[in-house]
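Consider the two complexes below, in which subunit A is the common component and subunit B and subunit C are the respective partners.
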Partner chain A sequence: MPALAIEVRGVRRVYSSKKAPIVALDGIDLEVPTGEFFGLLGPNGAGKTTLIKILTTLLSPSSGTASVFGFDVEKDTKKIRRIMNMVAGGEQSGYGILSVREQLWMFTQFYGLAGAEGWRRVDELIEAVGLAEQRLQRVSTLSTGQRQKMNLARGLLNDPWILFLDEPTLGLDVAAARSLRELIVEWRAAVPGRTILLTTHYMAEADELCERIAIVDHGRILAIGSPDELKRRVQRESIFRIELDRLEGGAQALGRLPGVVSATAAAGNEADTDRQSVVMNLVLEDDGALGRVVGDLADRGSHILGLRKSEPTLEDVFVELVGRGFDEAGTDEPGPSAEAIA
Partner chain B sequence: MTAMAGPAATGIDGARFDPSRTEGRGLADTLRSFKVAVLLGWKLEANWTDPFLFFIYSVAKPLSSALILVVMLEVIGGPAGKAFRPFVIVGSALWAFVLNGVAGLAWSVLEDRERYRVLKYVYVSPADFLTVLVGRGVARIGVGLAGVVITLMVGVIALGVPFDIGRVDWPMLVAVSALGLASIIGLGLLMAGVCIQTRQESWSYPEAFAGALFLVTGAVFPLVVLPAPVQIVGLLTPLTWWIAGTRQALFPGGPGSVGGPGSAFASTFGHPDPSAGEIVLALLVTGTVVTLAAVAVFRLSDRRAKRTGLYDRTTGS
Partner chain C sequence: MAATMDLVGRAGAGPREAAAWSRRQVLMTNLRSIRGRAYPRVIGLVREPSWVLFEILLPFLGTSAFVFVYRALDAPPQYVGFVVLGGALTAFWLNVIWMMANQLYWEKSQGNLELYFAAPMHFMAILFGMAVGGMVMSSTRAATVLLIAGTVYGVAFSVDQWALLLGVFVLTLGALYGLGMVLASLFLVWGREAWHMGQMLTEPVYFVSGLNFPVARLGFVGALSVAVIPLATGLDAMRQLAFSDAAFPIGTPPPVVEVAILGAMTVISILGARWMLATMERRARRDGRLSVRWQ
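Let's look at the complex of A and B:
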């Protein structure tokens, strides 16, 4: 098995449109080793789906090359299709008139499984994704969550080496989304070497599932690394949240200590009068400065009630890199209303 | 859960990342996809679950259009119109069939893409898309065939069309039917190729195309009434020969639709009406050309769709 599941070199994709051409991918280079759970994060229109379409042989790149397990997406399409599969979220796909079993079996035939083997595989997967009760139900009567489970089962029919998941939990409720994530994790863990490429808008989902993440915007990769590596990029200082029974001299006293960048009372602390405690946010040059702070506090007769290091979230990374949060994503160009206000 | 491990349970563990999995089984795979596509088409198209709908679409429609034409003939042509009854019945019955085949195949593309949203999943599977579409077309044609037979039977029984089963030219019927079906699928593929490219609501294109063919193929009136250049278009269309051949095989000696005194056929070939052999030959030639052209157009369209990204496009997106 090749060491690289995905290899993308200088891929550009330009869509023609009536106005100006749209550059969906603007020179992507990417390597995903076999067996990795890889994530693509980016605002709407960043080019995530476009990259997945290229890798799943639905779309040709305008320039550059891409290969899946060493097979070129343009030349070896049939080979790639046999060992890859794709599941997209947020859509209701399926022939409504067929039963869940029939719908899935049909796809086993497209993947060349023998008739009986196909039925066996379908029943196994229906069981695995928890649709046993609905197996004979018409596809049109399934709930969104059930449909998505069926869609996942379809994506696993050919026992793919690599699974592409394009926002698989979009539109699902919390429980359905979690159960889908669990199924995905379980599937990957069952056989070492199974590779997943996931796109999502849910930061927590990416953080929980992905070993490595690429943050994309405007068709370019802005940063790539493990969730921890990415978080470390935005965290140049150590941030602690400290709770004390009392503090003589106030925050200013702590702020003057060597190695302390700033010390501020945590928001909402004032209101917390009945607990009779002081909560502070401490920004230190590095973790080493903590010792001096603790020593100094003891000298002042303060007792530490709680101490917690605050970690940046992926969202912090995202906001720093993309320059905007998910809420305002896609509105990077001020519209007429914004101009009117300015 | 062991099921997630996949086919381990079925004894092909270890072969999981076997490079040979990237190779298919050639013809066996094609046949498998074809078979399941026919089955799927049958389920989706036949409305079997609703015999009433099936009756409306596959029997009542062709039958009522035949009846309208018969009545019109009677009114305009008087008693002489009676000789044209078999002509009209066969034409109407076959026409429903053409709609099923030509428009139906193209509709499969639109339905899969926009209504069922499975087109991209079929497309990312190793199944050959053309094979799958042809399979669905064959199913549609099977459904249409039931309508043809019922319409013809009703015509014979209710309208007193003189039909003598002993006089049917069976070899010719088999030959023109086989070639005709292939041509219908060819034309359907051609339309499907066009529909892949369309971005907007294009459900009416296939029907409009089929409707245009209706006029030039001699389905309900002989070609000779049309201007000569239009007659030539008709003569180049395999459906014309298929309909003429079917008429000739079922009702030998009845009025033909292709030639006649003063027709483009007569002035081109020097005799007024085509012989049975000429009909089959013409059907073979035009059918082959259309089918080859259709496959080429479809493949080109397929490639272009991949270049422009049309496979998961839906109306209004």
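Let's look at the complex of A and C:
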């Protein structure tokens, strides 16, 4: 099996426009190992969808090269199309006149499944995504969540080696989005080597699902790494909130321990005379120092009532990298109207 | 659930092996894609009964108007047959202009187009599937109109060469739907103007195809100039073959020549559609026009 599922080298994509050329991708370099759940995180207009369209052979790069499992996106389009599939959020594909079962069967034909095999595959996937009750229902009558489950089933019909998910939970309610995420995770885990490229602007989704994430903005990759690695970029110390039944010697005693940067009473704790516990914020050089703190507390006869680690979010990472929040960052990617004169 | 997901997994083969298809796999995928794309059109026959009103009753009324005009003028009885035959074939032209030529534009709006292009079959298979589905659908409608109108108005067919008539019919459909494939690619490039273009072409083609009169009435040059429209040529040949007992010249040129014209049209239009699709895909990939949804 190839080591890399995706390899992108210096890819630029420039859209023509009446005013000025719009640079959607500005020299992207990216490697995604086979079997990885990789995320592209960025605001609207960052270039995520443009990159997906290049990798799914729907769009040509203006310059640079890209390959999927070693197949060039420009020269080996048919081969790539045989082993990949894609699902987009808010997708309205297919024909409302068909039932869920019929619609999915129609798509099996485009991947060359024999008639009976196609029906069997469809029934398996309908069961797997939890649409058994809706299998004979017309597509036009499905709810948004049901529709997206059907779209996911469509994306799995050819048993792809790589699945491109473009904002797959867009517009779904919390329960439907969670259900879809669980399906995606289970599908990938079932066979080693299955690779997923997810684009999303939901930070929590990327954090939950992805082994590695690239933060993209204005057509460039600003940072790449596991969610933990990215978060460590903005926080090089470990912060814990600890609740004790009592503390002999006060916060200063803890602050003198090796590896402890600071130990302070949590805001409001000192003034609360009725409180039966002590709540403190501990800033440690790294997580390893926590063991020494816990040992010291035991020696002092303190009992730990609660311990919670405070972590930065991916949004903090984005703000650190871009200098603005996600909501402020979004501008639309150039679309067909922008390319009209190309 | 994981077990269910695993059912569709291919143990053993890696992605590169899975991408290496044999010629037979490619062929079968294309054939199955034709079947898959034809399916919604065929199933639509039973799912949307409104077509009985819009595509049988209303065309029947239109045909009836010409029948009464010809009868009032004491035209030869074959003229009633001409109109009935023309009325039946209207279904095919409507199908080509609205459900072939415009279809890719609508597919793009729905998001189907990019899924078709992202799938491994040749895109011509999708066009063939649309054509086959359309032919089945329109043949049902045409046969119904022919049966009802032929019975109601007592049309007497006089056919000497059944095989040639069948051949002309098949070739007419081939040329007509080949033209539909070419138009589909063109209309996709033209985008939203496609709908207006479809509207603009409907009535002129009705007229020059001679749906309600024999094109021989346009004179030799006139008939020859409209021969580039498959429906005109096919209908003219079918009329000559279906009413061979007429005591007056019906069409021009003879059916055998029109068979050759239709055959050439079929081949040229299918090859043209293939070339246009390849060009369209290349341009669309370059310009980013395969999908409307771009974010």
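Basically, the second predicted complex is superposed on the first by the 256 of 342 C-alpha atoms of A that agree within 3 Å, B and C clash if a C-alpha of one lies under 4 Å from a C-alpha of the other, contacts with A are read in each partner's own complex, and residues count from 1 in each chain.
As a working rule, a contact is a pair of C-beta atoms (placed from the backbone, for glycine too) under 8 Å apart; a residue touches a chain by one contact, two chains touch by 3 or more.
The structure presented is a predicted model; accordingly, all values stated were derived computationally and were not measured.
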| item | value |
| --- | --- |
| Three-chain arrangement built on subunit A, subunit B and subunit C clash or fit | clash |
| Subunit B versus subunit C as contact partner of A:Thr141, first or second or both or neither | neither |
| Which of subunit B and subunit C A:Ser226 touches, first, second, both or neither | neither |
| First (subunit B), second (subunit C), both or neither touched by A:Leu98 | both |
| Which of subunit B and subunit C A:Thr264 touches, first, second, both or neither | neither |
| Subunit B versus subunit C as contact partner of A:Glu127, first or second or both or neither | both |
| Subunit B versus subunit C as contact partner of A:Glu117, first or second or both or neither | first |
| Touched partner set for A:Thr56, first subunit B, second subunit C, both or neither | both |
| Subunit C versus subunit B, contacts on subunit A by residue | C |
| First, second, both or neither for A:Gly45, with subunit B first and subunit C second | second |
| Shared subunit A contacts, counted only where both subunit B and subunit C touch the same residue | 1, 15-16, 50, 53, 56-60, 69, 71, 76, 78-86, 88, 91-95, 97-98, 102, 106-107, 109-112, 121, 124-125, 127-128, 154, 156, 159, 161, 183, 186-187, 190-191, 193 |
| Residues on subunit B engaged by subunit A in the complex (per definition of touch) | 1-10, 16-17, 19, 21-25, 28-29, 32-33, 35-36, 39-40, 43-44, 49, 116-118, 120-127, 132, 306-309, 311-312 |
| Subunit B-touching residues of subunit A, taken from the complex the two chains share | 1, 15-16, 50, 53, 56-60, 69, 71, 76, 78-86, 88, 91-98, 102, 106-107, 109-112, 117, 120-121, 124-125, 127-128, 154, 156, 158-159, 161, 183, 186-187, 190-191, 193 |
| Subunit C residues within the subunit A interface of the complex | 1-11, 14-16, 18-21, 25, 28-29, 32-33, 35-37, 39-40, 43-44, 47-48, 110-112, 114-121, 126, 285-295 |
| Contact set on subunit A toward subunit C in their complex | 1-2, 5, 15-16, 34, 44-45, 49-50, 53, 56-60, 69-71, 76, 78-86, 88, 90-95, 97-98, 102, 105-115, 121, 124-125, 127-128, 154, 156, 159, 161-162, 183, 186-187, 189-191, 193-194, 332-336, 339, 342 |
